[in-house]
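You will see two complexes here that share subunit A, one where it goes with subunit B and one where it goes with subunit C.
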Partner chain A sequence: MNVQLLISSIIFGLSIGSIYFLLAIGLSLCFGLMRIISLDQLLYYSIGAYITYTILTFIGSFWIGLLVAMIVAASVSLIVEKLVFKRIYEKAITFTMITSFGILLAGVGIIKYIWGLVPRPVPSPIHKQIILLGTEVPLYRVIVILIAIFIYIDIWLFLNKTIVGKAIRAGIEDAEKVEGLGINVYWLFTLTFLIAGGLSGLGGGLHTPLIMVDPHMGLEMIPFVFMVVIIGGLGSIKGTLISSLIVGQVISLGALIWAPLSNMAPFAIMILILIVKPTGLYGSKLLKR
Partner chain B sequence: MTADGLLNVNNLNVAYGEAKALFDVSIEINKNEVVSIVGRNGAGKTTLLRTISGFLEPVSGSVIFNNQDITGMPAFKLAKMGIKYVPQDKMVFSDLTVRENLELSSYGTGDYNWEGVLGYFPRLKKLLNNKGGYLSGGERQMVMIARALLGKPPILLIDEPTEGLAPNIVNDLIDIFKRIREDSVLVIVEQNLTVVSGISDKVYPMKEGKIVSQITDREQIKSVSFENLL
Partner chain C sequence: MRKLIKDWGGIITAFTLLILVRIFLPLPFTIEILIFAIYTMGLNFLLGRLGFISFGQPAYLAAGAYSTAIYLFYFGSNPYIGFLVGILGGLILTLIIGPIFVRLRSDYFALVNLALSVIFFFILQKALKNITHGDNGLWYLTKMSSTPFLDLGKPNDFFIFTFFITLLIWILFKYIDRTIFGASCLATKTNEDKLKFLGYSNFKIRWFSFSLANTVTATAGSLYAIYFGFISPSVTEPARAADVVVVTLLGGLGTLYGPLVGSFVYTGLKDLVSGIITHWELVIGILLVVIMLAGEKGIWGTIQPLLKKVQLRITGKEA
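Then we have the complex of A and B:
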């Protein structure tokens, strides 16, 4: 195998894995703390992509677009949390999953109404190539990876070094006991939702130069993000990072071996991991509402 | 409510869906008291504590605390007001250290002075950096009570505190309860009748979701046959 092709594929896989990480982290935190499967995160991903595209078109700055995308996606997620999820947190998980899927579908309809059905291209903000181990790789993909690493470190510091982060970690184990200590868990739920929505928007914005922006982009991501969350273990940040890197690499290197393998192989890996470890790589058996 | 009255539960009815768990339960808890609620499994003792502490909403009836109706208020607000519930599962946050477990309680109540609680449980000083998941049952119980004591709560509701603990640890806990009662009213759900007779000023036996009597005489508490009541 050509070494340069291999290195190039690894970078491709890492950048795709980074996008999956940004999306899956919100889904994982939402499940861990609130016990909801928040498929609407994929809507905030799409909104992030469209806002980035729109700001780039009107102002000409991708990076400002990315920032606005995060803010708008987080704001929309906050509205959805206040209007919908706050009323159904106590309901069964299947109910919240169906509701979140309904929100995603409704959101896709609104996106179609505002931006139309035609896929939109977003040029890469950085065209420069850099040399890594003798192989030319796009600098933008490296930046995507670095942003994901930066977000992971930030989330780790937030969850481990701040009292609110520790309350969220405790809430992932048992939200009721956190409430019993005098902490308003519903405020933690809102904060987590806001962070999740913002990160999904960031993921969507960062993904735009690598794909075409189209109304169904969120729906197409569902199986991959689900795989990442399940392989990593629901509620685990470290697990989400590792599984997103695994899925990214399996897709990328799978395509190198045989193109159809890129979509099939992650499912095979997921089944294999679930057979060996049904809770996922870092899933906790202690999870309890 | 009497002048010494701290908490009154009036005709409380609680149900899990269609299944009714408490039937017109009324109890009175006064300042400086240790109150025990005894009964067999399924008698409704835990349901009563969880309702008082805001984790369950009653179908009807009221809970009055310091002359304020607190019925149906969320648990976090009641905890801030000083109604602290220590559940029976002895579960501390396993991924957090003992220090972090206490920090969370300080964050919830605004009380960052740990001297008092570490005075009750000096053993915890050595365990501050240990993760909750590696503590013994007795140590976990200490952390849970220490966590609840932060904020100097006027009332502490403790569910089956001695269940599954070694006899020497049970004796230590009884001594600690005797010291805690100087600052907080204790309401204890307990099946260990030796513990009940050792520390209680008042006992409410429960059976099938109802309070079956009220025993307030300490001599009677020591001599009564609970087996016949339950």
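Then we have the complex of A and C:
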């Protein structure tokens, strides 16, 4: 096999994996702390992509668009949390899953009303190619990877070095004891939801130059984000990172061998891992409190 | 006699009402209600008895539909055999993937199922393009041969056939509710440790009920395939995955009449609303959220206590 082809497809896989990581981290954090499966993260992903597209069309700057997208996605997630999720934190996990799927579908309907059905292309903000190990690689993809690494380090620092982050980690272990210490758990829930929504929006914005923006983009992402979350194990941040790397590489290297494999190989890997370990790589036996 | 009326009165009323619907409303509408009711009964059993939520029902629907379609397109022309092939296809698929899926926790189960339905979509649309003809789909309406008795090519005869299949499946589920198997299904949902203690195998019960529920779903798919005489990968579209969940919850989760009520209301609503609003997702999504926030009882779950009150008053006066 051609070495240059191999390197460029590894970079491709890493950049795809970075986007999956940004989306899956929100789902994983929400599950860990609140024990909800928040499928509406995919809605904030679509919103992020559309806002980036709109700002890019009107103002002309991709990076401002990305920033606004993050803010808008986070605010929408805040509204949804206040309106819907606040009422259903105590309910069973399947309950939150159905409700959030409803929110996602309603959101897709609203997006269709505002932006229409036509897929829209977004030009890449950076057209430059750089030489990496003797291979020409688009700089934009490298930047996507760097942003994802930056976000991972930030989240790690936030969860391990700040008092709020430590409270969140303690909440993942046992929310009732944290409440007993006099910390407002619901405030932590809102904060986590906000972070998750913002990161999903960022993921959507970053993904736009690589694909077309269309109303069903959130629904199309669902299986891949699910696979990342399931392989890594719900509620584990380290697991999410490793599995997004695995899924990204499987997709891009699979496509190198036989094109339809790119969609089916991750699924096969997921089934294999579930046969060996039904809770995913790093998943613990976290159950509904 | 009285016991017989008490046990079967409800369903006789329900199916008489369906016949009335058939007389007063257009035929395609009624057929759609019936097929959707079968489709919903599968998920209703899975969710109401086992506590497994699945967004992947379109995958099992497609398994039945495509088994029938491929038989009718490539091999034979008898729709009855096609129907049986569809059921068999669903049964084989669920028996194979069942052992992997039912070991999972219910949240993983839901996620894996949705992923499965999307993979099915990819397989049908791209990977097996030579067999399924991709997005163009398979057309075989003219290939189906007519049979001397109950010709499935004719809508009226097809209605009668579907009607009896629905009745049969309904009776099956009613029967299961009274058996030990039905009770142990409910027990795996509420307390699996106790059931294990009693000497039952959770795994086998789940596997069997998973196969049963999704074979019923495949039956609905098979009926769809025969009715339309055409099949395309759009049956497994991710956006459609919520339809059947909405109908199950709308009708009333875990109730026997729920699927019938739910599919009647849903199909009617769809007909009425799609004239006004073009983007159906918005309605489904809001409906889903509202049902869940209202306490996930559904229509039948809400009116059932009222009906019981009325019934008690009447019988109380008689006695």
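We adopt the following convention: the second predicted complex is superposed on the first by the 286 of 289 C-alpha atoms of A that agree within 3 Å, B and C clash if a C-alpha of one lies under 4 Å from a C-alpha of the other, contacts with A are read in each partner's own complex, and residues count from 1 in each chain.
As a working rule, a residue touches a chain if its C-beta (ideal position, glycine included) is under 8 Å from a C-beta of that chain, and two chains touch if they have at least 3 such contacts.
In this text, all values refer to a predicted model and were calculated from it rather than measured experimentally.
In the superposition on chain A, A:227 makes contact with subunit C only, while subunit B stays out of contact range. Touching more residues of subunit A than its counterpart among subunit B and subunit C is C. Contacts of A:67 after superposition: neither subunit B nor subunit C is touched.
When the shared chain is aligned, subunit C comes close enough to touch A:95, but subunit B does not. In the superposed model, A:271 lies in contact with subunit C only, and not with subunit B. Looking at the shared chain after the overlay, A:166 reaches subunit B, while subunit C stays out of its contact range.
Using the contact criterion defined above for the overlaid structures, shared-chain residue A:181 touches subunit B, although it does not reach subunit C.
Listing the residues of subunit B that touch subunit A in their complex gives 53, 55, 74-76, 79-80, 84-85, 87, 91, 93-96, 100-101, 103-105, 107-109, 147, 151. Residue ranges of subunit A in contact with subunit C, taken from their complex: 31, 37, 84, 87-88, 93-95, 97-99, 101-110, 112-113, 216, 219-220, 222-223, 226-227, 229-230, 234, 260, 263-264, 267, 270-271, 274-275, 278-280, 287.
The touching residues of subunit A, when paired with subunit B in their complex, are 163, 166-167, 169-170, 173-174, 176-185, 284, 286.
On subunit C, the positions that touch subunit A within their shared complex are 47, 51, 53, 55, 100, 103-108, 110-112, 114-116, 118-119, 122-123, 126-127, 238-239, 242, 245, 249, 279-289, 292-293, 296.
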